[in-house]
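Dropping the structure in here first, questions after.
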Amino acid sequence: MSIEKRLEELGIQLQTPAQPVANYVTTVQTGNLVFTSGHGPIGDDGQQIKGQLGTDMSIEAGYQAARSVGIGLISTLKAALGDLDRIQRVVKVVGFVNSAADFLDHPSVVNGVSDLFVEVFGDKGKHARSAVGMVQLPGGIAVEVEMIVEVE
Amino acid sequence: MSIEKRLEELGIQLQTPAQPVANYVTTVQTGNLVFTSGHGPIGDDGQQIKGQLGTDMSIEAGYQAARSVGIGLISTLKAALGDLDRIQRVVKVVGFVNSAADFLDHPSVVNGVSDLFVEVFGDKGKHARSAVGMVQLPGGIAVEVEMIVEVE
Amino acid sequence: MSIEKRLEELGIQLQTPAQPVANYVTTVQTGNLVFTSGHGPIGDDGQQIKGQLGTDMSIEAGYQAARSVGIGLISTLKAALGDLDRIQRVVKVVGFVNSAADFLDHPSVVNGVSDLFVEVFGDKGKHARSAVGMVQLPGGIAVEVEMIVEVE
C-alpha cells in the first residue's frame, strides 16, 4: 500500500507545509539523506500549539502536540519529495520538549511522533531517537522535532 | 589489536544493550553511517544514574556518568554491528548535560565519553562534539549522549 | 566569485580556528559530509561572548554573537578543507541559544548565523536548521552552533 493511501486509511490529513521566514529552508537533501529543519506543532485551528510540560500542559496534550509535529514533518517531506514512497527509512528523530525543571517524562511526549511514524511507515518508520528537555522553545511551542530520512 | 581485546585490556565490561520501550530503535544504519538513539548512564548496580550538575552532582560524578553512557553506546554498537572492529570512525557526539541554571562546565562532564572513545578506539575515536546544558532529562538522568559512527 | 573573495568583499576576517582542549576535534569528514563540533561566539577582542537572552543580552547582541559563531565555523572549515570553494552546500545548522525561561525569540538570534551563511555562500548557504533554548551553555556563552556541510 502506498504511504498516501495509508495516510488516508488512518484519517491523517497533511498540513500546508511550513514556510521558513528567514534564510533557511525546511529540507536539504545530500546524497540520499534528507535533513529537515526543526518543526513545531500546529493545532486543528492552524495555530501553533504552545505550552510547557510539567507547567501548563499534560503528557497526553504533549503527545498529541508531538504527533502534530510529525504530521507537519510528513507534509514537508511530501512537498520536498513529491512522493512519500521514496522514503526508505526514517533514520533519526530528535525531540526537544519544552520542559519544566522538574518534568521527567519527555519520552512519553516524543512517543507522539515515534508512534505516528511507525503507524504511517511501518518498519521503515522505526528510527533512532533522542528526547530531551528544553528550558524554552521558539514562540513558546510545546515541542520541536527535527529528523533525517533516507530516500531512494 | 582488536577493539574487543582493547576493552579487555582496559578492564571495561560491556553492558546489556539498552532496549527501547517504544516505537524507536537503538541504532539505524544508512549507507556506512550508524546513528544511535540518545543513551543514558547506567551504574554498576544496573540502575540509571540520576542527578543534576551544579545541583546535586559533582563534575567528577558527572564525568563518570558520561563515561558509563559511552560504555552503553559501545555495548549497543557491538550488538548492532557484531564486530566493533567494523567501526572506522566515531564521527559525532552530542552530550546533553542535566544542568543547573548556573552550571558552566558541561565540557568537563562530556569529556567522560570523549576520553573513553579515544582510549578504546585511538585516533578513530576522535570525534566532532557538542556539549550543552539541559533544564532536565528523561527520568532525571545526569547526561544523555547520541552519536554517529562510520562503519566499513 | 570565490568564497575567499566574497568574504573579502563583505569585509569578513576569518578567526584563528578553534582548538579543542580535550579528546575531540573541530571537524570530522565522512564521505562527502563534514560534521563540526559545537562552536561558541568570539568577540573582536578575541574573548568568548557570554550572556543569556532574556536575562542580560538583547536580541541584537545575540544576533551578532550568532554571526560571530558563523565566522568561527567558516574559519574552522577553511582550516579543515584548505579551500572554502569545496563546500557544495550548508546542509544543517543547529543553534543552541542560552535562554531565560521566558525568552521566546530564539530564531531571531540564530538568524545571525543563517544570514551570514547565505551572504557568504549564496544559495549553497541555505540550510535546514533548528533553533532551541538552553538553560545554560559551556562557560556561559550566549549561543553554540554545530553544522554539517557537503563537500566535493
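Here the chain labels run A, B and C in written order, and each chain numbers its own residues starting at 1.
FYI, a contact is a pair of C-beta atoms (placed from the backbone, for glycine too) under 8 Å apart; a residue touches a chain by one contact, two chains touch by 3 or more.
Note that this is a predicted model, so its numbers are computed, not measured.
A.B. asks: Nearest 5 degrees, what's the C-alpha rotation angle taking chain B to chain C?
C.D. replies: 120
A.B. asks: Where chain A and chain B touch, do the two copies share over half of their residue numbers, giving same, or under half, giving different?
C.D. replies: Comparing the two copies, chain A and chain B contact each other through largely different residue numbers, since under half are shared.
A.B. asks: Starting from the mean Cα coordinates of chain A and chain B, work out the distance between those two points in Å.
C.D. replies: Chain centres of chain A and chain B, defined by C-alpha means, are spaced 25 Å apart.
A.B. asks: Quick check: what residues of chain B touch more than one other chain, meaning two or more?
C.D. replies: Residues 31, 94, 134-135.
A.B. asks: Please give the residue numbers of chain C that touch chain B in the complex, ascending.
C.D. replies: 20-28, 30-31, 35-38, 94, 96, 134-140, 144, 146
A.B. asks: Report the residues of chain B in contact with chain C in the complex, numbered from low to high.
C.D. replies: Of all residues in chain B, those touching chain C are 31-33, 89-94, 99-107, 111, 114-115, 117-118, 125-135, 148, 150.
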